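Multiple structures follow.
Shared between the two complexes below is chain A, which has chain B as its partner in the first and chain C in the second.
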Partner chain A sequence: MDGLGTASGPVLVCGEVRTCLLPTRDAVDERAAVELLRLRADERVRVSRHPNRHAVSPDVLTGVDCRLPTATGARSRAVGTVTARAALTEGRVLQATAYFSAPAAGPDRRQPWGYYLVRPGTLVPVGRLPGKALTEGFLTGHQPGELDIGSVADSLLARISRQHRILDHDTPLTTADTSLRWTAAAAADGEETSLRFTKAEDGLRIVELRLPPGTAPTAAAELCEDLALHDWLLTTVADKLDGLRVGSEDGRAVLKVLRPLVDHLLHLWMPQARVDGALHTAWRELERTPGYSRQWNALAQRIRDQLVLQNLGVPRQALPAR
Partner chain B sequence: MLVFAASDKGGTGRSVTSANLAYHLALGGDDVCYLDFDFGSPTAAAVFDLPDVLTEAEERGLHSYLQGKTGKPFRVDVWARTEHPDLRSRPGGSGRLVLLPGDRTGGEFVTDEENLHRCVDLILGLKREFDVIIVDLSAGRSYAMDLALVATSPRGGLGRLKTRWLVYHRWTRQHVMAAAELVYGKQGIVQAGIAMGHRPDALNGSTRFVRAAVPDLESPLWSQVSPAQYAWMRKCDKELEQLAAGRGIGKTRVLASIPLEPVLQWQERLITDEDVHDRRIANNETWQAMGDLAQRVNDDKFWGEL
Partner chain C sequence: MNRSAAVFRETSAEPRTESVPFSHLSLELGHLYMEDFVEGPARLRRHFAAVRPWVDAARAGLGPLGTGRRPRISTCFLIDDYFSRLSTPAELIPPLLAAAADAGLTIDYLARESGCAVADPAHRDRAELAESVLHRLVESPPPGSNGFRPPVSRTGWLTNGRRAPARRTSAALDSTGTVWQPPSETGARGHSVFMDVELWNGPDDDRTWSCAFLASVWQLVRLGLLRDNGRAVLTPTPFDDQEFPAEWDALPPVLRLNPQAAPFTAYVTCSVLPARFLPVEHAVRVILDQVHVEAEALAQIAERSAAEGFAVPAGVVDRTSYVFPPGL
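Moving on to the complex of A and B:
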């Protein structure tokens, strides 16, 4: 598929990322990561070791023929395939992404499957694509009977979670999953790359992107995975520190909360590790306001300071054995 | 940890005690999730004082989720939504308390592979998020119970999770016999579990009984009864204890005993600290018993094969 906003390319890319802690006591090693993410026999799991360990599953396609969510309630049918993939960062944080590209218009009649299968990851509308209504409808959430792309990501997560030989489901800390729902369209002439990030209820994040024309749909998906990963890290750590009773006499309660964060999460912060250089502008906006890295650094520093203080103040025998 | 709440009969205080258990666990700092699998009559929303939730859950509650009608079951943050005046401000240091309500129109359903997969996926997902998942099953050997037994069997997908079964019964002859039958009877949980691949010793070791609405004859509530009544009730109590022991549900298998609580006779609700100490409408013994139950559910000392 060609880039976003080009003559033969899509006008819109939409997707959803689920982010969660891998359900194991310890982070898994590279071999286990590859085994977990081997979702297809005919394609390899891609592993990169720098600047951190990151494994990505091969793409899995799901055939779809259904109504698109539209803000206006207009009935718009689309046919094609949704791309889904899973990624594991440092053997610890698991993500599943499902996304599709959509051209401005498609044939007025539904074509045989062969027509759609040569366009992997593309949903072709029957007739014109209601671009604006689709963006709004997609971000607000689907109604019954409409495309539910989050469930594609969910089923991928569920499929991985069922690999009981590797996963012990005994996580060192409880964490809430997040969903990041996103759309990307090409920025118009003279318009800058932009990102609108909203936090909704129940761990839902909504991101509306304007990206440079020609951006590959995969690059947009990678940007959103990166956003989702760091948003999840920040949310998880901030939630754990929220209302932490550092004044309590028993330092063990504080250690019980802080220690897993140090053991499992603090080293994972690495924004834009795998984001296309042309899309770094989007991240820069989040860094300016609200200032993601700034907040993360403050939280990380607070955790380390607390640990030092706990070590000074708590008698040795009160520390948990490890 | 996964906790299944079962009972042979309705009206055993299963839902109301389980909801209070969830509340106490959350107060203690655990992140707790409560699943209302009592599809015939979902009551958890009422106990947690969430009046609009039953309507909101229609078509997207747990029953719809298991049937594949919705991709994600509806969930409610109890601290944020409850209309219970004592619960609105979440106490410091407490854990999360989330309800996944059932749908009112659901009724029972036949379990198949699809239901099973959806149930397993749901619980594995919740396991990441919560320390304790309490599943309130409908009374008797229901489909919900079969689903729970299959899912937690070695080949069911939840076999590796730490699982505990609480069987609730009231302190009467009929209830004691029915509870024993539910667990040890021919059609009981243990036999059904073995057929599904459970190890009997493991299943026995993870099953405990909770006596609900037990009259404590030494409490002020009964201080005005006549000597004849008192003697008769003492005799009944002793006979019941013998009956329970004979049926394999004697004291060693009892995790907690919840005293008869006038407030719960009038209203299915959470008993709060304020009910006991400020308003003085509920008995301190009830509060203590619920707290003991919560502590023992979490304490490995109280579990395992006897």
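Moving on to the complex of A and C:
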């Protein structure tokens, strides 16, 4: 597939990332990670060991022929395939992404299926693509009968989670899953790369991206997986520390909360580990406002300080009251 | 994206796809059941005599290439040793080659159908080809499919459209006048020719692959579109002037019998087959239309054929062609 906004490439890339804790007590090693993500016998699981351990499954395609979600309610049909892939970071955080690219226009009627299979991950509109209405409609959420790529990501997560021989479904901490729904269009001439991040309710995140023309759809998906991973980490740790009763007499309650965070999550913060260099601007904006790394560092420091205090074993009551 | 400036790379993170050599055309000189072989040499001679003129026609149809060079054409023959084994390679193959030679035909490559089903004995670590292709099926979605459907691997059947809805009551009991709904072919021209193809039967851990499914694998192998973890599969083994063994499993899955042969894998294929195989080959086309092959394998072919000025259809199924001659 050619790059975003190029003559032969897509005008829009849309996707959804599901992020969750791998349902198992301990993080899995590389061998188990490869086994979990081996969705096809004849295609390798891609494993990267630097700057952290990261395994990515082969892409799997799902054929669709349905109406696209549009903000205006305009009826627009598209045919093609949605790409889905799963990724495992440090054998601990599991993500499934489903995404598709869409060109500005397509043939006026459905083509033989082989036409779509040589354009993997592309949804070809029947006629013209309602670009703006689709962006809005997609980010708002689909209506019944319209394209539902969340369920494509969900079924991939379910398929991986069903491997009970590797997964014991006994997680060391309870966490909430998140969904990050995103769209990426090419930035206009002279326009900066930009990102609009909305944290909605019920674990939903909405990201609207404008990326440099020529950006590969995969690179956009990787950026969004990276955003989703770090947003999930920050949300999970911040929620655990919210209302933590550090003043209680018994330090064990505090330890019970802090310990799993140290064991399983604190080492995972590594923004832009695999994000295409041209897309770093998007992350920089998020660092400026609200300042994700700043918040993470503060939280991590707080956890460490609390653990030091717990270790000193000084009962709070022994300290002079001010 | 320009990644050439990267100074750090990990081979485990960047999959490689091995390239294979290509002829312009892979020409299949017929297909026979084991029972046909049992009928004796006269039956085989009749077969190749009927095939011969159509082989010449297929060669002539390709013509000289734009560059004035002669096209590279390789011939092949697939022996069914998967569904029945009535004879041994030592008994069966020499008369077959002799009958082909009598008609003035050379079998460049000889393949065993089992090679499309089970793992290559020389590479036991590799996946079964049929299993790999099964995982590459992406079902053609009937209109209205919005991302949720049971995967094909659970049913073992593949269609070219939408099945008729299951009925709760038998026709005899149904006096309420419930309207029967027909199946439909996706993208039909006016009227449907609906097909439902059985890909395998038997238990999950001991499947018997269907003839149609193995024939699809065979087409993909000839088209050079399959890989195992990036490596080429069923690479022909040179087999010059050797004795044929008494066991089928002792024979490599694809043999190169003619040392001067053009490459086994080709941009396009043509199969000269008896008309009784027409339903099977219709099924093959339904299957091939729904196989998602590796993008890198397709890209290599596109690049190489373009450099030669040879037009290769974009769709996989369009790269195959058939002749069903009279009297075969």
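Throughout what follows, the second predicted complex is superposed on the first by the 313 of 322 C-alpha atoms of A that agree within 3 Å, B and C clash if a C-alpha of one lies under 4 Å from a C-alpha of the other, contacts with A are read in each partner's own complex, and residues count from 1 in each chain.
Everything that follows uses one rule, which is that contacts are C-beta pairs under 8 Å (C-beta built on N, C-alpha and C of every residue); 3 or more make two chains touch, one makes a residue touch a chain.
Since this is a predicted model, take the numbers as computed values, not measurements.
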Original post:
Does the chain A-based superposition show chain B and chain C clashing or fitting?
Top reply: fit
**OP:** Applying the touch criterion given at the start, work out whether A:D148 contacts chain B, chain C, both or neither, answering first, second, both or neither.
**Re:** both
Original post:
For chain A, which side has the bigger count of touched residues, chain B or chain C?
Top reply: C
**OP:** For the superposed three-chain arrangement, provide the angle chain B-chain A-chain C between C-alpha centres, rounded in steps of 10 degrees.
**Re:** 100
**OP:** State whether A:V47 touches chain B only (first), chain C only (second), both chains, or neither.
**Re:** second
**OP:** Quick one: classify A:T62 as touching chain B (first), chain C (second), both or neither.
**Re:** second
**OP:** Name the contact category of A:Y115: first (chain B only), second (chain C only), both, or neither.
**Re:** second
Original post:
Taking the superposition as given, does A:L309 touch the first partner, chain B, the second, chain C, both, or neither?
Top reply: neither
**OP:** Using the superposition on chain A described above, determine whether A:A219 touches chain B (first), chain C (second), both, or neither.
**Re:** second
Subject >> Which of chain B and chain C A:A104 touches, first, second, both or neither >> reply: neither
**OP:** Look at A:D276 in the shared chain and tell me whether it touches chain B only, chain C only, both, or neither; answer first, second, both or neither.
**Re:** second
**OP:** Determine, under the contact definition given at the top, whether A:A188 touches first (chain B), second (chain C), both, or neither.
**Re:** neither
Original post:
Rounded to a whole Å, what is the shortest Cα gap between chain B and chain C in the overlaid structures?
Top reply: 9
Original post:
Can you list the residues of chain A that touch chain B in one structure and chain C in the other?
Top reply: 148, 151
Subject >> Touching residues (chain side chain C, partner chain A) in the complex >> reply: 1, 3, 8, 10, 12-15, 127-128, 131-132, 135-136, 138-149, 186-187, 226-230, 288-295, 298, 314-318
Subject >> Complex contact set, residues of chain B against chain A >> reply: 29, 31, 59, 69-72, 75, 92-93, 117, 120-121, 124-125, 127-131, 157, 159-161
Subject >> Touch list for chain A against partner chain B, complex >> reply: 20-21, 23, 144, 148, 150-151, 154, 157-158, 161-162, 164, 168-169, 171, 174-177, 202, 243, 245, 253
Subject >> Of all residues in chain A, those that touch chain C in their complex >> reply: 3, 39-44, 46-50, 56, 61-67, 77, 79, 81-82, 98, 110-115, 117-118, 120, 142, 145-149, 151-152, 155, 214-216, 219, 276, 278
